[in-house]
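Labels run A, B, C and D following the written order; every chain starts at residue 1.
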Amino acid sequence: MIIVLKKGCKKRTVESIIKKVEELGFKAHAIFGVERTVIGAVGDDRDKHLLYALEAIPCVEKLVPILQPYKLASKEIRREPTIVKVDGASFGGGHFGVIAGPCSVETEKQIVETAIRVKKAGARMLRGGAFKPRTSPYAFQGLEEEGLKLLARAREESGLPFVTEVINPEDVELVGEYADVLQIGARNVQNFSLLRRVGKFGKPIVLKRGMSTTIQEFLMSAEYVLSEGCKDVILCERGIRTFENATRNTLDISAVPVIHERSHLPIIIDPSHATGARNYVPPLCFAAMACGADGIMVEVHPDPQKALCDGPQSLTIEDFAVLMTHLRKLSKFNGKKL
Amino acid sequence: MIIVLKKGCKKRTVESIIKKVEELGFKAHAIFGVERTVIGAVGDDRDKHLLYALEAIPCVEKLVPILQPYKLASKEIRREPTIVKVDGASFGGGHFGVIAGPCSVETEKQIVETAIRVKKAGARMLRGGAFKPRTSPYAFQGLEEEGLKLLARAREESGLPFVTEVINPEDVELVGEYADVLQIGARNVQNFSLLRRVGKFGKPIVLKRGMSTTIQEFLMSAEYVLSEGCKDVILCERGIRTFENATRNTLDISAVPVIHERSHLPIIIDPSHATGARNYVPPLCFAAMACGADGIMVEVHPDPQKALCDGPQSLTIEDFAVLMTHLRKLSKFNGKKL
Amino acid sequence: MIIVLKKGCKKRTVESIIKKVEELGFKAHAIFGVERTVIGAVGDDRDKHLLYALEAIPCVEKLVPILQPYKLASKEIRREPTIVKVDGASFGGGHFGVIAGPCSVETEKQIVETAIRVKKAGARMLRGGAFKPRTSPYAFQGLEEEGLKLLARAREESGLPFVTEVINPEDVELVGEYADVLQIGARNVQNFSLLRRVGKFGKPIVLKRGMSTTIQEFLMSAEYVLSEGCKDVILCERGIRTFENATRNTLDISAVPVIHERSHLPIIIDPSHATGARNYVPPLCFAAMACGADGIMVEVHPDPQKALCDGPQSLTIEDFAVLMTHLRKLSKFNGKKL
Amino acid sequence: MIIVLKKGCKKRTVESIIKKVEELGFKAHAIFGVERTVIGAVGDDRDKHLLYALEAIPCVEKLVPILQPYKLASKEIRREPTIVKVDGASFGGGHFGVIAGPCSVETEKQIVETAIRVKKAGARMLRGGAFKPRTSPYAFQGLEEEGLKLLARAREESGLPFVTEVINPEDVELVGEYADVLQIGARNVQNFSLLRRVGKFGKPIVLKRGMSTTIQEFLMSAEYVLSEGCKDVILCERGIRTFENATRNTLDISAVPVIHERSHLPIIIDPSHATGARNYVPPLCFAAMACGADGIMVEVHPDPQKALCDGPQSLTIEDFAVLMTHLRKLSKFNGKKL
């Protein structure tokens, strides 16, 4: 239920309404928009009639039920786009955030060099895997905490904030101690314990769509994070599984306008995992920006042939610099701020 | 097999080599490129050793086997992009062709008005269905020949050439008598009799990808048309069938760079059938142009609410004019000629 | 619309009602069931109110609208299962028809030997391709009319009726002159011209489901055939296209109970094309019979290693004989008549 | 690597070889077959040359590399089928285990009554959800520990062991304290932390295939469990996600023969989640048994209309009893022990 407040409603009143909502057994989420303040009250649908008592409060203008199954993620509760800002990188509301870096953190030299050079080319955030979800238990599983330390070192040297994946609910504190943004991978998009845990932790999240997750389910997974209090969720489309095998997955570019119609959350594109082939990465980055996406996440490696994982889909740093030049030119089309 | 000729080889010699190729039981397709002339010899792979006798001809530089299963459609035989030109509309090689019009031809007023107004807004070709493939035998099947006459009337009034679908091999002559370009619909992408027949007829073809056709199969279907002598095939990606249901189909935007890597044929995008929803059409047209597609085919109707079919995915003529303005602005990015 | 007649209604009266239905612009299909006779009136839905005038005829019990988009294929119009009988082979209503034979007709020896031996093992119908739909225009396209003649020869020698595919609407008469049953292949499931043509021709049809045809669309395609007057349509599930690549396609075994719930038509299984691997054929034949399918179509070749197409999925004749022994044993479970 | 031991090799020798394998940095898994004992040595592929030193040990017959990416799950390491036995219920090697029960545990009466009655009808294991993975954070999430207690109560009253899902790695001990078998749900099939944790815990596992997991990935997930020491993994096919919407998912029945060809692990079928409709459950159970599956897991509820979740796919207890009668009859076909 959306509780729309009258203009000029004081902060103290807002707090008292939140308290009442919580007394009725719901979670309250205040959303301070430019034009109006609303309180989202979410919880068990069967009890929502209780909330109508709040209509009697003078400062409450009206109550509006939320029709979508996702509540806090929906545009019904917040019409203005959410802008996720992390230390110089912004996503949403006209900001086009660029995240770049290798699939895995391998060595200090590799990650520090990549960070410094992608920053120079225009990236605003570094990516790199320390805990890697691998289909085989015998494959390289990442450098784990050592990888986190190297990422922190790269941040120090380059000034770029970094995002890295967390796999295990028990590791959220550890990863969160180092990382600026936590990534939930495609395989964990419906790992609800993990979603709740990162939602509680509070740092911004990059949430990757699963290989066979519908857009509605994807927004429901974002809802798990938002319902725990985290407000900064960046959605990431990274290809879905189809019969086509010319690309590793099929990039669902339509997810960009569909999500913009339904949600206030930013949506970025990962063309590296979507295609599995570096040649296709630049054209898909252009497609992403042109159709209104709020950013990209691309794999860049100083020496893709020697990468421990996903070499064939990684751009070289030189490729990445050329890509950024083109994106800056393209940004004149729709005024995206890079 | 590709028979590469030496520079400066005379036309008469080319003809004599073609004759020899045919005597050996192959079809010969001469391709006159800017830099070199080659002859593609296609036929039963088991007999290809016979062709090596041609290496003795002085004008023949070398023989190169074609590795892909599609031969004439492949970039191996022709490195320069094919530009399909139809009366003011061009597709490929830097030309971005815009095809617009209603799903079905309904009345003279509807189609003539649409033609005149989309031309004014910048379209270069009219589309409109006269023979409609419908899942139900009891649904409106199109105006048939009467529809072709109305399309011809719209061409006369607007100056726009038109493309329309042909469904039945026996109707190729009839449809081809009126239409400038013949369309093969998604359901007929592997209707090999129809492909052969339109290939023999010789007019340019728009070949739509099937709902579950891989890119390789799609190029093999183009090969059927090319192998009969037609050189002007425009490929059209119109969405593939996946589990996602937020859109009617899933636009496989990656097909654009994949096809450009493998084939010299132009590839255009149909965002109307891909999504089934007009709101998503403009962003996907921008994505198409930005990632290098050679054109778009969009549904436009003067009054979508009254359309006999596919109203929800049709743009109004006003929407279309706005779209064209944006596309002209975007074309500065990669120099596409609209 | 279903026009339910009273019990004991005379044939002359039925004919006069049919005439009236046709005068109102509908096609009339009389269905003589064990308990009641009904007339299906199908045509443009917008005119169906006209039919209510028929309620005044004394012999008419009531009019019942058909809710499904497929009318003649639906169980609403005919509750009893349709049994398609072809010269000793029966499909539906407790009959489990077994069709066996090679992918392609190759030589007289091959097809005659196969026919005689599969008959001995228990097959009731021979299959074999004379016109082959191939993704490549340069691949073996079948022996065409010569293949039909060899199939006729095999029928003569073995006593088995045969089914073979027709691809081109113009070939329906030619193929139909030789074949007992016409097959519409997966790629032509929505080739509506071909469906209408075979529907008019009148011989029984095996209609294969397309790689990405939904069950509803599949029944709509059957409706095209039925609406032209043909009553004997055998549906054939042969695998759909999914992401899984351990098998060539994914056999949708659930299609059997789903179709039995919605339609009176028989549904058979083709495990050879569904899996592309002979080892998986027998277990899937058992699954088909156990879940109530009305038959199977399996590829059998006297020497699979030398088969011109689809060798890896063909059973040897010895394998087939063992399979039949098991199926006879299994048939005791649900009383299927082999 | 498989280390094949000579016949008659003593236990003490086996232990000493295991110790040496572990000293070389590999995990050792002894497999005592009827005919031979082998030791699987699994670990980082790049070090496997080290193992060849073991060939010098007199009791070692030979070393055989494992070609499949899944090692312990593969048939290469163990040709005889694994039989998972849990207190009267057996799966694999000719045993057909039947698991029945409600989607969620709701009340003591519901679960105890169901347990007693499904046991009487022939079930060998009870299922019931205490921790429920739900797409919405606001939906009923299960009774949690209270649900486990009720399941334990039902076991006490009925004598049936039970399986229930665990979602969070931190809950493995809690759930494992009560449950006889732990279930990993479809959404967690690649939740590698959870897989490792249940593998270490050691109780038998039902591992459900994900909605878009290939069979190879599915076996790799089983490998995660096996590599931690657990030997008792029951694979469960529960439908994959495709374009077809007549059923909730598409049951991939071919997974049964494919997995039997590649792995020694038992594979069971869950037709309730595969179809989402109770009418289709019995025919698919018959298909499962006929094609060689090692069991079924079906949803049964004493009053499906009042079920808190998945009512439409639940059988009544009466339906279940009829199903069991048919399965006993069908078991004569291939000698499956129910």
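Rule of thumb we're sticking to: a residue touches a chain if its C-beta (ideal position, glycine included) is under 8 Å from a C-beta of that chain, and two chains touch if they have at least 3 such contacts.
Everything numeric in this text was worked out from a predicted model, so none of it was measured.
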Checklist entry - Which other chains touch chain A while also touching chain D? => result B, C
Next on the checklist: Going by average Cα coordinates, which chain is farthest removed from chain C?
Outcome noted: A
Next on the checklist: Could you work out how far the Cα centre of chain B sits from that of chain D, in whole Å?
Outcome noted: 50
Checklist entry - CA centre of chain B versus CA centre of chain C: separation in Å? => result 34
Checklist entry - What is the distance, in whole Å, between the centres of chain C and chain D, each centre taken as the mean of its C-alpha atoms? => result 38
Checklist entry - Got the chain D residues that touch at least 2 other chains? => result 212, 241-243, 245
Checklist entry - Hey, which residues of chain A end up touching chain B in the complex? => result 212, 214-216, 240, 242-247, 250-258, 261, 274-275, 279-280, 283-284, 286-292, 326, 329-330, 332-334
Item to check | chain B residues touching chain D - in the complex, by the definition given at the top | outcome: 212, 241-243, 245
Checklist entry - For the complex, which residues does chain B have touching chain C? => result 42-45, 69-71, 133-138, 167-170, 187-188, 190-193, 196, 210-212, 217, 220-221, 223-224, 227, 241
